[in-house]
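Next come two complexes, and both contain chain A; in the first it sits with chain B, in the second with chain C.
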Partner chain A sequence: MRDAAAPAILRTKRPPDEILAIAALAALLVAAPLAIYPFLLAQALCMALFACAFNLLVGYGGLLSFGHALFFGWASYFAAHMAKGFGWPPELAIAAATLCAGALGLVAGALSIRRQGIYFSMITLALAQLGYFVALQVPFTHGEDGIQGVPRGKLFGLINLGDDFTLYYVVLAIFLFGLFGVYRIVHSPFGAVLKAIRENEPRAISLGYRTERYKLAAFVLSATLAGLAGATKAIVAQSATLTDAHWTMSGEVILMTLVGGMGTITGPVLGAFVIVAMQTYFSAMGQWVTVIQGAIFVLCVLAFRRGVVGEIAARFKISL
Partner chain B sequence: MIPLLGITTQALFAQLLLGLINGAFYALLSLGLAVIFGMLNIVNFAHGALYMMGAFFAWFLLHYFEIGYWPALVLAPLGVGLLGMVIERTMLHRLAGLDPIYGLLLTFGIALIVQGLFQNAYGASGMPYPMPDLLKGGQNLGFMYLPNYRAWVVVFSIAVCLATWFAIEKTRLGATLRAATENPELTRAFGVNVPRLITLTYGFGVALAALAGVLAAPIYQVRPLMGADFIIVVFAVVVIGGMGSIMGSILTGFLLGLVEGLTKVFYPQAANVVVFVIMVLVLLVKPAGLFGKQA
Partner chain C sequence: MKHILQAGAALALILAVPALAQEKTIRIGVLTDMSGPYADVGGAGSTLAAELAVEDSGIKARGWTVSVVSADHQNKVDVASNVTREWFDQGKADVIVDTLNSGVALAVSQIVKEKNKVLLNSGAASSDLTGKSCSPNTIAWTYDTFSQANGTGRALTKAGGDSWYFITADYAFGKALERDTTAVVTANGGKVLGDTMAPLNNADFSSQLLQAQASKAKVIGLANAGADSVNSIKQAAEFGITQSGQKLAALLIFISDVHALGLKAAQGLEFTETYYWDVNDQTRAFADRFSKRSKNAAKPTMVQAGVYSSLRHYLKAVEAGAPVADGAGVVARMKSLPTDDQAFGKGSIREDGRKIHPAYLLQVKKPEESKYPWDYARIVATIPAEEAFRPLSQSECPLVKK
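And then the complex of A and B:
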């Protein structure tokens, strides 16, 4: 990565490769509904945003959370309940659910950063499992059935989200907002400190940074964005179910990020599209999908840890 | 029967025994995780899947070869342990020196593959495994009925845990193992084949998981996903106890099993989450874990 060279971080002129990659991606996504069913694309975009949020934590902070389904799933429940139970308009439901996910992230993050390395991963996994069992038992989530028939409503009282094309472009706008947000965070002074912690935490501490604060902030930001993805997904799919809160979802988001490339801006987006496409087109194969996912994990870890976009970026010595 | 807070002693002791059995499985699994972590510096996410394979191994032996429980108690850990050594030699071994999160991701992938394959072959429902004839029936202790098999699981697990503790802390082999954990390069310089030791350690840790699987087979049904949720609880147990101490893993395992059993009696709704809640409390009060040495 070019940013690894210390002075590059301080340079005011930013390498434009990532911006170009984001622009190309945006252009591609604007045109995509011409070829692919927009409802499917909108769902894939939610997963892509989820992967970007996760990548912010693991790719730039070096913190492998095994429990991000907690924020995705619970934001999805909150948004669905606010839109259906309270009758809130979609923008308010999504915004409120996103904030709730951020608050959840503050609690979960404060607990899990008390331990480091693999313990951090195990704690996040256990906390997410706790959240899963709570979702199974509290009344408003409707247990195994989940919340169904969530109204999409009208955005700002004007734009009818019932139409799949309109919905897709609204989701695309939310997604690009999230993606650009991640880009800005990564290239801010805060992001530079985060990367320093990833590379060498003791040294960052010795330089006077209170690393636990940075890690907590990264955790909260990542949880908030994951919540934005989950809340949007509830409006798109018009439902919130236990699947979104289960540990398999935490595993899937890791897989998406790993396939695309941890620590690249656009990699997780590509990874999300690959995995969603695989799940959609191979859905008739039942449990073989799980086997294939496991095999991709093994292959990625053993053969290309940088992921698809990461390998391309390394080959051409650019950051994407 | 003396009722206590509206709960009969029968029900109380029955749940406590069940808790103790679960605790035995927690202890065996977290012990294996701790041994593996000490040597390989990875968290073995495939542990739950290998526990399930132990149970299936016993089931295969019975159904295809008519080999019963007692031989299975030896053969299943051996077979699964060998498979573990193959996994270590072919895959895990390549991750030496990398960030430990890659070990976690790799073993997570292995767990998905194994669980997916077994689900394809046997569906999601469970298959019964008969109790060995020798351990059928039970004893009436007056205050409770003690099924023989359950008593056996608890006693045998404690024996295995203590034997493992003794082997690691008190024997020459254990001393070599601890030396290799502490400083692999220096241990190699003394002529110890450390890579082989690592492979054997992984095989041994995995064999403990498979042993727990065989013990569990007659109590719980043999299911492809029997280890999937179980391993998450074991991870919480490991966080609570800390992986630094062998005896710590054993004690924490049994203790949490008992607490879970008690919760089932007094507040059943919370039985699923009590271990996680305790984990949260321990993190708040003593972040390094009950037996942990460093933060």
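And then the complex of A and C:
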């Protein structure tokens, strides 16, 4: 089999294309607030980071989680409560909430990776629903009203996040950290084993890998990054609500990843921006937003299954 | 010299015109649920109500420019915050009306305060908006959880419904409604025999309804909203609960829900509204103008009527000289002026931002009693304005001086 015919990700040589793509994306994002409303961009970046975290699990680990809203939503609750209830500074609230999401991921992952395929997905969905109803009931989340008026505070006691532009660049830094983290994980020896498990798990086992440990590690990493996204979003939007913990959020992140391109580094980012842009700019169209989203999803599955970025990458035989 | 003076006057005029035009501009943002479960309660009807308010005020004829924009918040707090911030930062709205979702209203209220704009909430039920989360930039117009619990609980208990059983939505809103209603029922000499919880978006209420039936309580209180209310009412009709003598009281339901349910399923149901279209000639006149232009000739809900009424009053305050740019100033002026419009009649706004008007306990008619389109309910009791809402003495609002 010729090298080009194999899926781009399987190539062991580290392609510089991805780094170029990340750099181009970073340059675009640095300039973006000049043209687009920075608050909206900051929120879109949080969703993009969430999609990247999800993509790490499904695109490279082959594990389709239907319950990632659990980590995203709960991290956003934790961060909001720490910043508002305990009065913690934003960096501490985000870091602590991210770790909490990682711990949640450890529990959820340990339970769900014992099963495969659809059963794995169903367990993650069940756990996420459990988390949703806990969020609905426990007092500190304020049920369906959510936590409102979370202070943005000052980063490291110096940088005032109240200004939308400052906030955006801080979020951009967090996002790029997360994106580069995903890149490093994917191209580490650990990432190579993960891809091997995705392609053929029995073979990986026969080669002596304890695949469940790798899968659990990938799950925890993905949950942690999803938590980072959720915690940041709580500071950006100054609120944490049930929307972020609802199963539709788990669905939305799948949509973002599929539209952008599963198993590509930059694809989920594009997908997230497309979905967020649709929700924002079409909001005056009411129910048509969901119809258009559905149509795009159908189009995506029928016409370009690799997603936008995935198709481009396949056309030019590069990985992006 | 004369020429110079003329030129100077002309120049002054040119300079004054844009300033004047800028001052006489009002931009209204209708933020509501256009596609979700509450789209019939507010939605496009709220936008229509806002347009009617502008037309009826005749403010455009007096040289004002008024624009109305609307957006769907999809019941998501982050979407609502985005839209609100964008409207304010890009100069598309000075005042936001409706909101229709407590989480959204609480979030928007904070942004409105930060940017010194105005929020005229009509649709969101949370009494926190005029309680511990009250704001000098926010007015809660139409109703709240307290007025709903109070209206239905008090009037029904006084009318002899002195034993209650609750079917409660198992989350904060449902529990708050049950708690508030229980307080009202016991204060009026009634007693609560028990309660049962149903999860949010429940499809099957048979177990809860059978328990309620077995309790032999005179009144079954439905402490839920939206699809949960509709489902529980439909299934109660299937069990023949109201036919067998027990009363069904929905604590938060709108006339549009009754319309959707149909009189056969909803007959005998008791509920509280602060605006019902068929109360007097004035409310009918407003409802007629509304339904001529609404989808399916629907009559306005109390939320849509609240949008109309609150905007009429806002426009009145602005015309009376309150500067549009200073949101808190406009709200202060609105509080100092008495309110009067076709939908809600005469009323006033309290210092905590609570609009005060009477509430009506309504009972859904039997199908054979309904004589004309939307003839759905008869008025069982009228709760006077000063008793319909939470008294100021109980308010946790920091704006209230005690």
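We adopt the following convention: the second predicted complex is superposed on the first by the 307 of 320 C-alpha atoms of A that agree within 3 Å, B and C clash if a C-alpha of one lies under 4 Å from a C-alpha of the other, contacts with A are read in each partner's own complex, and residues count from 1 in each chain.
Everything that follows uses one rule, which is that contacts are C-beta pairs under 8 Å (C-beta built on N, C-alpha and C of every residue); 3 or more make two chains touch, one makes a residue touch a chain.
Predicted, not measured: the structure shown is a model, and the values here were computed from it.
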{"item": "Partner chain in contact with A:173 - chain B first, chain C second, else both or neither", "value": "neither"}
{"item": "Touched partner set for A:114, first chain B, second chain C, both or neither", "value": "first"}
{"item": "Contacts of A:290 with chain B and chain C, given as first, second, both or neither", "value": "both"}
{"item": "Which of chain B and chain C A:207 touches, first, second, both or neither", "value": "neither"}
{"item": "Touched partner set for A:277, first chain B, second chain C, both or neither", "value": "neither"}
{"item": "First, second, both or neither for A:239, with chain B first and chain C second", "value": "second"}
{"item": "Chain C versus chain B, contacts on chain A by residue", "value": "B"}
{"item": "Which superposed partner A:125 touches (first chain B, second chain C, both, neither)", "value": "first"}
{"item": "Touching partner for A:23 - first (chain B), second (chain C), both, neither", "value": "neither"}
{"item": "Touched partner set for A:37, first chain B, second chain C, both or neither", "value": "second"}
{"item": "Chain B and chain C contact sites that coincide on chain A, given as residue numbers", "value": "133, 137, 286-287, 289-290"}
{"item": "Contact set on chain A toward chain C in their complex", "value": "37, 39-40, 43, 133, 136-137, 142-146, 148-149, 233, 237-239, 241-244, 279-280, 283-287, 289-290"}
{"item": "In the complex with chain B, residue positions of chain A that touch it", "value": "58, 62, 64, 66, 111-112, 114-119, 121-123, 125-127, 129-130, 133-134, 137, 247, 251, 254, 258, 286-291, 293-298, 300-302, 305"}
{"item": "Chain A contact footprint on chain C (complex, rising order)", "value": "34-35, 39, 43-44, 69-79, 81-83, 85-86, 89-90, 102-103, 106-107, 110, 126, 128, 133, 170-173, 199-200"}
{"item": "Partner chain A, residues of chain B touching it in the complex", "value": "37, 42-43, 91, 94-95, 98-102, 104-106, 108-117, 119-120, 229, 232-233, 235-236, 238-239, 269, 272-273, 276-277, 279-280, 283-284, 287-288, 295"}
